[in-house]
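Shared between the two complexes below is subunit A, which pairs with subunit B and subunit C, respectively.
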Partner chain A sequence: MSEVFIDGKRYEFEGDHMALQFIMDLGKEVPFFCYHPAMSIPGNCRQCMVKAGQYIKNQDSGEYELDENGERKVRWFPKMQISCSLKLTDGMVIQTQETSEEAERAQKDTMEFLLINHPLDCPICDQAGECPLQIQTYKYGPEGSRFEVKKVHRPKRVQLGPRVTLDAERCINCTRCVRFTDEISKSHQLTIVSRGAKNYPTTSPDETFDDPYSLNTVDICPVGALTSTDFRFKARVWEMSQTPSIDITNGKGCNIDLWTRDNEVLRITPRYNKEVNDHWMPDAGREAYKLFNENRVSRPSITLDGDDQPHTSWNNAIETFAEILEANDSENILVIGSPHASVEENYAVNKFFNLLGAPNARFVSHIVPGSGDGFLITDDQAPNTNGCRLLNIDEASPEALRSAVNNASVVIILADDLVGRGVLSKNDLNNPYVITFATNYSDTTRASDLVIPITCVAEHAASYINVDGRIQRSFPAKETKYTNRRLNLEMSEGRLDRYGTSFDNWVSDDNKIDCRPAWDFLNKLAERLGLGFSYLHSRAILAEIADQIPAFEGVSYERMDEENGIQLITEQQEIKQD
Partner chain B sequence: MSKDWRSYEPLLIPDIPNLHKIDVYEQNGGYSALRNVLNDQDTWSRENVVNEVKEANIRGRGGAGFNAGLKWSFMPKPDGGPRYLACNGDESEPGTFKDRAIFEYNPHIFIEGAIIAAYAMTVDTIYVYLRGEYIAWVRMLQEAIDAAYEKGYLGKNILGKKGIDIDMHVAYGAGAYICGEETSMLESLEGKRGYPRIKPPFPAQKGLWGRPTTINNIETLSNVPLVINNGAEWYKNIGAETHPGPILYGISGHVNKPGVYELPSGVPVMDLINEVAGGIRGGKKFKALIPGGSSTPVLRADQLEDVTMDADSLRTAGSMMGTAGMVVMDEDTDMVDVLWRISHFYRHESCGQCTPCRDGTGWLEKVLLKIRNGEGEIKDLDLLLDITTMMEGRTICALADAAAWPVRHTINRFRDEFEARCKKSVHAIA
Partner chain C sequence: MAEQELVFTESELEEIEKIKAKFPTAKAATLQVLWVAQRKFGHVKPEVQVLVADTLGLPHSHVHGVASFYTQYYKEEMGKYVLDVCTCLTCQICGGYEILDHLEKKLGIERGDTTEDGMFSLKEVECLGACGYAPMLQVSNEMYVNNLTPEKVDDLIDSLRAGNMPEFESMAMPQHKKRNAG
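Moving on to the complex of A and B:
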């Protein structure tokens, strides 16, 4: 075991450690910009300086040499060291800004340099509020600036690619973005051009920064130099609430945060999970925020003569639904589960109709071979294919499903645009009575006789099992007409609205969708039908699944939260496939 | 000094017509060092070559003055993979133009030295990196290399010795001073942007393409055949004791005969200016000297009595040997102008990687420009000194130091001139 002394305290360590990461792992802090734990260490920002040295050991005795006061003698390194690339050695002594004035001074000096050519336009900068440069300046920067000459000018509002905008004047040349495209996404699209203070990152001439992971550079840019073209100027970060969730646009289940204001999701950013997506996510997953706000099914609709599909009341929807079920032989009810819906929804729907005597539900996976990239974009277009499989929903080919539809008198579809994705055609749905549970309008809802609006991943707590067999869950991030943030203790709150001031971000009802969780609707339908089916919330459904289905043994929201998801399928296990 | 410099006969660039031609070089004893080494590999084992060069104490002529043989000994044991020698002919520091003389007048002494170095370190590939502006010298060097290949001094089975395979390639830059910094040069050789690398790992461990690499200056390597032919003892007797050997002094500025002069180390500065370079132009008074390229601190004439051109004497005087590129300035020189121009260079050449250098060099230049334009205030001088402290020792490579030192020392050594350029501070007295 080796020992190191940081700010006068002794710590033990084994193996290779760089001082900066070691210090952060202790819960202490040294300011820095260019270092990123997932990428190579360029040591270029020079912000993370510490004073370092080595206790002197007597060559012969191996004992530490002591001075006249009995204190160990230190041989200080002649220069300040950057802690990000300072490898710990046995007997090393480190003083951070907490105990060394020289280190504090060196950090202040670097901050002063960083700010002289920075435009200091925080009031109009998107990054303000979550800007490492701003934060570190407040904590470690100089009181003012002695810079009284002209700043360097660099390009502004450069559209680097379809999704990322550059303001080169704000750039501090940390090269995080360049290293990201070199080392993580491997598109090699960015490089630093020009020299000295005129440096900035850009693509080769005539190239565009269309890397499918380009928006990650916006997250890791420690200043407001790289911004999301879509999100720019939409909201100040402190106006939004940040809720953990799961990316539902493909099978990887990237861990994400939903950023909401006034019941609208405004942006999606990746959330660190070493087992799944590390710090990253594909750009496509970020664009999904629109799905949660736009084109939503709000209030049930019912198809009358022709294509007219007016809204109807929840009571009428329940009554119509019940009458259809009563009028048809349960043998002839076809229930179609969905890899796009959660574990809880699939289970609840299948169970409900099983109780009625309908055959087991089926589903058609949504896999587009060759569309994945072996990184975070998968062939699987749906977030919960493995969930359907582990719930023993019968996996069907499109052909098999089509003939089943043709033989059914009632078809129940759970949140899956089967028409849109080419599994079924409109004609297939002409004969049976089609009831669809849906979050968004689609070709399938338009071909349905009754559409029941249900909550989306941004509105409910539910779990999804990714392509690697990991079960992870969402939290409600925005309210529906029937939920109340202040009563729902799972919902996160923004910085301002926590105090209920008149600046509260949750001011209007306009953005609340008139929808219910699928199981909640089924509760009401069961009541009408006199069926023994009732769940208070999704937590109860998952508890029952864990109890009933061996593959889910021991699974709970608490465990998922604590362990950041649970690996249900290990590589050796074969997934049951029909 | 053992002998008077006046009787010194040049060894690196002797006055022999057409010495750049391989036949002429051979007729004058060229490639005999390489022959001796390869023909008698018992006496000249790789280790013995390293030790002899180490003993000779050839101090790096690229600026830092590090013992070349000692540097060679840092190379790890061969593991069968590629190993490199990267020869630094980037020569971009203002005031420095001496490697050019070797390319032009005696390229083979450098090639021979580099091959011996490659043999000593079990290196299979030598790269020579020249500044892009030296395109004419790139061609001259390439011709010499081609001739050496033809004669069997380079390529496979050198001089018929099985397994002695060494190649030499020439690469050139695109006008960036930073690419003379050794790790930046490696990046450039790899086809990347010339950003210096953080150390550790050192090039001997992880250099070109992650393989063991040694970097030496062109002049440094040109001394190697002399050491092999005459022995370390002989070599150590040339010039100053702690900094022995011939030096190519590049003398420029306000002298009558500027140029590259080969003399032993340790020649008195005033002899170099007054005798070698023919004295100050127009009979003017000597004012100041930058002794070894623009990064080395300027010395006033009164600081130069009895100072000799070697590391120790110059350190005592308050400067450095650097590349022995001496910039001589006469009494009419405006030191504010000089310093602004030097700072302009470092601002222009900072690669922009490290914060203190990227933003510090520009700040220095702008404040100096303000002073030069008569807009400066006395407090700006203290600000400049402060900025140099904020830059020095805080960056990946030494460019920031090279930019900071001239500012600090020129202001400190010519403060009157700077103050005279500043606006008068006016204090109201009640």
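Moving on to the complex of A and C:
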């Protein structure tokens, strides 16, 4: 076991470690900008300097040489070392800014250089509040600048690509974005151009930064140089609350954070999960915030004459639903589950109608061959195809589903735009009475007779099983008409949520959707029908699933939270299935 | 100037292959192949950078980054002769700006511009490492013209107009006179 002495404390280590990562893993801090654990180490921001040296060992005796006080003598390296690329060796001594005034001074001076040409526009900069340069200047930077000359001007508001905007003056040339396109997304679209105080990242003039992962560069940019064209100037980061969730736009299930203000999801950023998406997510997944805000089904609606689909009350919706179920033979009810809905929703819906005597639910997977890229974009367009499979919902071909629809008198569709994605046609839904549980208006809801608005992934806690067989769960991020951020102990509160009141003019209740979780609606329907079906929370549904279905044994929200998701299908099982 | 088709000829491609063979990676040949291109086209405009990148099988962005780093690569069409007038410290003290101003007046253009007949481009540059014979200028990344005076500049322009590049001038440093004589 090798030993290293950091800020006077002894630590043991094995194998290769760089000082910076090792120090961070200890929970301590050294300021840095260009280093990123997922990428190569260029060592070009020079911010992570520490004082380092080696205890002197007597060559002959192997004993440490001691000074007059009996302390071990240190042979310091002649200059400050950048800790990001300083490989730990046995007996190394490191002093960070916490114990070495020299290191503190070196960091301060480096930062003074970085700030020479950096504009002082934090009050209007999108990065403010989550800006490494801002916070580290506050913590480690100089009080003022000795550079009284005019700052160098560089291009501003450059549209690098469809989704990324560059402000070159803010750039400190850490090259994280360039390395991202070289090493992670491999599009090689970015480079640093020009030199000295004038350089900044951009594309070749004949190209545009349309990398399908381009917005990750905005996340890793340690300053406000790269900003999201879409999110720019929409909100200050401290106004939003941040809630962990799962990307539902494809089968990978990237771990994400939903950023909400006034119950609107304003942006989506990736959340680190080594097993799934590392630090990254595709740009397409970030667009999903619109699904949570716009075109939402709010209040139930019933189709009357023709295409007229007026809103109705929940009581009327429940009564109509119950009457339809009572008027039809349960054998003729077709329940269609959904790879776009969660494990809990699929299970609850299937169980409810099974209790009524309806046949097992079916689902049609939503796979577009060739649309994946082998990284984080998958052929599977739905987040929970494996969930439907593990719940033993019958996987059907579009043809089989079409003939089943034609033979049914009542069709119940769970959150799946079957018409929009070409599985069914509008005409297929003409004859049976069609009831749709839906989050958003779609061709399917417009072809339905009764539409029940249900919560989306941003409004409920529910789990999804990704293409690799990993079960992961969401948290409620935005309130519905029937939930309350302060009473629901699972919801995170941002500064505005905590301190704003209804009487503050910057808080709005307008964006709360009139919808219920599918299971909650079924509770009410069961009450009306006199059915023994009641779940207080999705947690109870998952507990029952874990109890009833062997594939889910031992699965719970607690475990998912602690382990960042649980692998349910191992590769060996997959090979067996083949 | 007539639009030139942006392609390399067979013999140029052969030359590029020879350059590539000298380096372990194609990336390392970027600088030299950019020179091949600039000698042929007189510039490495973005279109030429793309040609170089495609010829070497490199990302367009990489070649763009390299070309933009070096001032010696011309990212736009330049005059037949590019006059790089040094105005760095030593030349400045010895009259670099007087030479530059004189050239501006004589050619009727400002620094950074090209004459209408496409003969001359005038640039202000940083130190070219010839402080011992300041003020000086360089013609088209090649010949140094040293110890400039307005008269010497006039002669230079005339001879360039006549199509004669200045000759290489061996400069002796005063402190080395003894060594060189011996």
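In the analysis below, the second predicted complex is superposed on the first by the 563 of 578 C-alpha atoms of A that agree within 3 Å, B and C clash if a C-alpha of one lies under 4 Å from a C-alpha of the other, contacts with A are read in each partner's own complex, and residues count from 1 in each chain.
Heads up, the rule we're going with is that a contact is a pair of C-beta atoms (placed from the backbone, for glycine too) under 8 Å apart; a residue touches a chain by one contact, two chains touch by 3 or more.
A quick note: this is a predicted structure, and the numbers were derived from the prediction, not measured.
Colleague: With the two structures overlaid on subunit A, would subunit B and subunit C clash, or do they fit side by side?
Modeller: clash
Colleague: Classify the contacts of A:Thr320 with the two partner chains as first (subunit B alone), second (subunit C alone), both, or neither.
Modeller: neither
Colleague: Taking the superposition on A as described, I'd like to know which of subunit B and subunit C A:Thr208 touches: first, second, both or neither.
Modeller: Once the two structures are laid over each other on A, A:Thr208 reaches no partner at all.
Colleague: Quick check on the superposed pair: does A:Asn328 touch subunit B, subunit C, both, or neither? Answer first, second, both or neither.
Modeller: So A:Asn328 meets neither subunit B nor subunit C here.
Colleague: For A:Gln189, select first, second, both or neither according to whether it touches subunit B, subunit C, the two together, or no partner.
Modeller: second
Colleague: Looking only at subunit A, is it subunit B or subunit C that touches more of its residues?
Modeller: After superposing on chain A, more of subunit A is contacted by B.
Colleague: One more residue to check, A:Gln47. First (subunit B), second (subunit C), both or neither?
Modeller: first
Colleague: Of the two partner chains, subunit B (first) and subunit C (second), which one does A:Lys150 touch, if any: first, second, both, or neither?
Modeller: first
Colleague: Superposition on A: which subunit B stretch among 9-17, 153-161, 189-197 or 369-377 collides with subunit C?
Modeller: None of the options clash except 189-197.
Colleague: Using the superposition on chain A as set up above, list the residues of subunit A that contact both subunit B and subunit C.
Modeller: Comparing the two interfaces on subunit A, one with subunit B and one with subunit C, the shared residues are 191-192, 194-195.
Colleague: Which subunit A residues qualify as touching subunit B in the complex?
Modeller: 41-47, 49, 78-80, 82, 85, 87, 106, 109-110, 112-114, 116-117, 146-147, 149-150, 152, 172-173, 175, 191-192, 194-199
Colleague: Touching residues of subunit B toward subunit A in the complex: what are they?
Modeller: 176, 193, 198, 200, 347-356, 358-363, 366-367, 369-370, 383, 390, 393-396
Colleague: Considering the complex alone, what residue numbers of subunit A touch subunit C?
Modeller: Those in contact with subunit C are residues 181, 188-195, 203-207.
Colleague: Inside the complex, what are the residues of subunit C that reach subunit A?
Modeller: So the residues of subunit C in touch with subunit A come to 46-47, 49-50, 53, 59-65, 68-69.
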